[in-house]
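Multiple structures follow.
Look at the two complexes coming up: subunit A is in both, with subunit B in one and subunit C in the other.
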Partner chain A sequence: MVGVVMFAIIIFIAVFGRLLWPVDPLRVDILGSLLPPSLEHPMGTDDVGRDVFARFIQGAQVSIGVAIGVTIAGTLIGGTLGLLAGLVGGWFDTIVSRTMDAILAFPPLILAMAVAIGLGPGIVSAALGVILAAIPWYFRLLRSEVLRLRTLMYVESAQALGASSFRLIRLHILPQTTSTIFIQASSVFSFSILTLAALGFVGLGIQPPTPEWGTMITEGLAYALTGQWWLGFFPGLGIFMLAVSANLIADRLRDIYDPKSGARLSL
Partner chain B sequence: MRIRNTYRLPFAAALLSSLVAFAGPAFAQDSDLIVNSAVAPSTLDPAWACGLQEISFIQNFYVRLVQYGTAEGPDGTRVVDFATTEPYLAESWDISDDGLVYTFHLKDGYTFASGNPVDAEAVRYSFQRVLDMAGCGRFFLTDGHIDPVIIEAIEVIDPLTVAITLNKPNGNMLGDLATHAASIVDPSVVEANGGVVAGQPNEFMAANVTESGPFLLESYTANQSARMVANPEFAGDAPASEAINVNWITAAPTLLLQARTGQADITFGLAKQAVTTLADNSGTRAIAYTNPFVQQMMLPNTKAPWDNPVFREAVAHAVPYEDIVERVAYGYGTLYYGPIPPSLPGFNAELSQPIPFDLDRARELIAESGVATPVDVEVMIQEGDATQQQLATILQSTWADLGINLNIRVAPAAEFQDLSQSHAVQSLMRLDGPGVFEVGYYWGYDVICDNSNNLTEYCNPEVDELVDQLRASSDEAERQGIMDQVTEIWRAEYPKILFFEDQPVVVLSDAVTEFTFSPLPDYRYWAK
Partner chain C sequence: MTTTSATPLLEVEGLKTSFKTSRGIVKSVDDVSFVIPAGTTLGVVGESGSGKSVTSLSIMRLVARGGGSIDDGVIRLNKPGQPAIDIRNLDEKSMRRVRGNDIAMIFQEPMTSLDPVWSIGDQIIEAVRLHQKVSRAEAREKAIEMLRLVGIPAPESRVDDFPHQLSGGMRQRVMIAIALSCRPALLIADEPTTALDVTIQAQILNLIRRLQKEIGMSVLFITHNLGVVAEIADRVAVMYAGQVVEEGPVRAIFSAPRHPYTVGLLKSIPTPGSSSNPMASRKLDTIGGAPPDPVALPHGCRFAPRCPLAIDECQKAPPPLFPVGENHGARCIRWPEVSK
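Up next is the complex of A and B:
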């Protein structure tokens, strides 16, 4: 429940924040720079007088939007490859599996950083880096699921009756992997949020002046010892809430879909 | 050669550096003077060094023929006076009547760390090396006269006499010989380690020094720290400190923390906002100085829309200068508008009044310019430079009301340098100033036509002629007249945006007893 509430709060802020707080996140007010949180500026102002709450809202939209995109792309690419490799086998399985092993040899964050450096800092390269790092996770999970499901009696029966590979996937295998995909997706969502923030933190993510939580933390770091704590604190809180809530939801989903856990279908 | 002053680096590098800084220098002793700085030198070779960080570190290990004098500074400190040159290795010198031949008489008894004598042949070798390698050092040594190279011959008359022949008079030659580029290196050590290859850097010299000056480099870890100790064999005046430990710390919080707690005796490169937090800090004092480094936005005058002088005038009126000085420079900036920064000799305050911030006037001028709005322009800033980021963000927001869509391009250091020098960007921001603090040298690249270092691409043949006259003249009244004339012409054409002349702030712990400021810090005069 805690995870869902935290997640809902952030999603609400991302979706409706601009309606409730219609302040331009890029509007500069030089003489109003570095003001502490107040009713006028609930999260204070930054070094050029921009409203931190307005930037927080847009940062949430950016982070969540990119994380959703990464999760969907990773699911589609990694999941499809995993399904096909498990079902087709042979040289296709060997080639794709070894490729995924090679990608897995790199720590995910380092891989994402390498892609971002290679393509140049920015939202697209950061997202591509995270997608590339996420694909092998889906691939290995789905491939092992398919290999397990293929040996089940009802799948073999369908195959013996002449069901095509597409039919096998659509009617007999994919529905059985839905829970696995959901659980993995929530974990990847959390991973995406943290990795995007990390890329932004080291200057490889979304570039200023577009607000992004990781970049906002970096900008606030210079003021960590000069008293302007709000610059880094609030985006850090946002990352914390989103990542923790996504992880809590992933844990709960796993419990729900695990027949041995006895958990009921409620969050 | 212009100097670019860089106070910030990407955070990834900063993080690594801060970890190292916390580890502490391996050889530091309690009695060492601790100097912290934000940016590390990238080379130790005086023939190749370009930037402030390199120059300020290198020059402590080498003697030069002459040196700049010093004068009274603020708060009981002193400042290097670039208007005066004094003997250093040279005891005296003669200048021929036509101003073409400089004959230097060297002091006896100077030796390199290797024991070899610092003599006329070493001087000749060192200067010829700089000319042959054709790196940044050549620009400094020749006062920017490189086509053709102004130094025609360097001749050893006897072991203690060397003559330098020029192909045209140059009133600033002595000042050039006081720069790091005129450092006397040990020929035997250089020849044993790669020698001189025309147009190529020397890898050994990039990471080592062949000391002839007041300090020996005891230990050096690139980008981290160094320990320098007084050279016991140095025949000149001994440095004020026996040992100095230098740390390069790019993490702003670490730099501030060590300054605040007094762990560092002398701190350079703190952000201005951070400096303001030290105002009531006991045990330290923050002192502001002046130097001719200017926060500026280059508007390449050959690229649209900057090729339209009325449009340039319009954007020059659309900058909230006073607010920027108050909240970006935190008061540590001087407003002006002209081709001579306020702290360079020759600056005329009356002719260099700041431009007022007037958006209505800017709108009128844009309409008058004929440039259709909305117009997209791009400005390149260097990754990790917080001040440039602030300035670009302020302009982006302010200019949006005028129909100017400013796109901010953040480039890593190497890309920034490449794109700047290749003139491949529509506009860019820099904290930038001359390597030799003399107007003729500065204008020798910054305002003349067809010079690759002229990043504004400003070109006015009349100004070129005046600059030639200035550089050939030693008459102060004549020089001031020329400088005023150029100032008026230049101002009317609005070649670039000048936000403010930066006032560097140095934080000294109360333990520091002697300090002399220079934009190119000279460690000889520092002690605690």
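Up next is the complex of A and C:
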């Protein structure tokens, strides 16, 4: 529940924030710079007088949007490869598995950084870097799930009833992997939020002046020691809430998708 | 009970199935032949690894997934009034139509043979709709009817239960309901009672026998329990190390076995009181030794290393299947001397 509420708050801010708080996140007001949080500026203003709350809202949109894209792309690419490797086996399995091992040899953040540097700093290359780092996790999970599931008797007995391979995957293998996929997806979601922020923090993510939480923390860092804490604190809070709530939701989803907990699906 | 027609429902001739393993090629089934006339039951007995299950999976053509291949032989299904189906040379799509529809199978593990994410009704509906063009509602009606047929109480409400809500015996009944939902001509039952306790075993056997009469199907019944075979089978095939070593009518196999291995199996059936009665005259017999290594089978008779009647002659050449009686064969050169 806590996770859902936290997640809902952030999503609400990202989706409706601009309507409720129609302040331009890029409007500079030198005279009103570095103001502490007040009714006029709920999260204060930054060093050039931009409203931090407006920037927070747009940062939420960017982070969530990119994280969703990364999660979906990672699930589809990594999941499909894992499914195929588990089912087809043979040389295909060997080649893809070894490639994934090679990718996994790099620490994920370093890999994402390498891609972002190689393709030039920016939102697309940062997202591609995170997707590449996420694919092997899906691949390995799905592959081992398929290898386990295909040996189960009920898959064999469905085959003995005349079900086609496609049908076996769709009805008897994929439904069993939903909880794995969801749990993995939510952890990849929080991983990509954190990694994108980290890339932004070191200047490899979204480029200024577009507000992004990681970049905002970097900008705020300089003022943390002089007492203007609100510059870095609120984007940091956003990252924390999003990452924690995604993990809490994953746990809840696992309960719902457990066939023994009484939730219904229909064939 | 035995109805003899001109062509038997299933003919298996010279079936050879092997598996490639890291240690070499394992000939799990090596030159197996038998026939099952329509409406009758063939019991296949043998110890673990004798090729019973691989034989049945070969008939369903489901050995490829385990790394096996059917190397030789003929598997022919003759449905009355229809052209014979050559199962070995069928394309995959037609084979899928045979599976479940003409030949259905129940496995030995009722606890794992049902998919835990679908209700039992959904799983029967799936089986029905794979082979028959009926609406979901009709298939559901059919599912309830099948559950009633196999003796599940209150099938209207049970149909929405999930496998984990049922006991082992109930699950096996559901498996039978699924297998019989398309009224197959042949039911392959691979040790269907092994995982169940004895009272439930008897119920399941009675159920299979009753349904066999009602539907008129043939049954290939695989088991390592000779008591079960005596109860349910018309004919018996005894398998050892991938071969049928003796085949014949159930009465002849039990009263006048002609292969030392069959004799050994019969002697190792415990009788009531045989272990606890201090007056019991004999200890329970066992067959000494272990089955041969499947990648290094003996050159001659495969049972010779464990056989009490073995002579030098037995090691020289693999014995053929000798006709030893009416519809009764045994793979033993000393068969006239074998007795119970």
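To be clear about the criterion, the second predicted complex is superposed on the first by the 242 of 267 C-alpha atoms of A that agree within 3 Å, B and C clash if a C-alpha of one lies under 4 Å from a C-alpha of the other, contacts with A are read in each partner's own complex, and residues count from 1 in each chain.
Definition applied: a residue touches a chain if its C-beta (ideal position, glycine included) is under 8 Å from a C-beta of that chain, and two chains touch if they have at least 3 such contacts.
All of these numbers come straight from a predicted model, not from anything done at the bench.
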Query = In the superposed arrangement, which partner chain does A:209 touch: subunit B (first), subunit C (second), both, or neither?
reply = first
Task = Could you look at A:176 and tell me whether it touches subunit B, subunit C, both or neither (first, second, both, neither)?
result = second
Request  = Determine, under the contact definition given at the top, whether A:153 touches first (subunit B), second (subunit C), both, or neither.
outcome  = second
Message = For A:162 in the superposed arrangement: first (subunit B), second (subunit C), both or neither?
response = second
Key: Residue ranges of subunit A touching subunit B (in the complex, touch as defined)   = 26-28, 30-31, 33-34, 47-50, 121, 201-203, 207-209, 218-219, 221-227
Inquiry  = Taking the touch rule as given, give the residues of subunit A at its contact with subunit C in the complex, in rising order.
reply    = 150, 152-164, 171-172, 175-176, 259-260, 265-267
Key: Sites on subunit C touched by subunit A in the complex   = 60, 62, 65, 96-101, 104-107, 109, 112-119, 122-123, 125-127, 130-131, 162, 164, 175, 178-179
Request  = Sort out for me which residues of subunit B touch subunit A in the complex.
outcome  = 10-12, 15, 252-253, 256-257, 260, 271, 273-274, 276-277, 320, 323-324, 326-328, 383-384, 386, 389-390, 393-394, 396-398, 408, 410
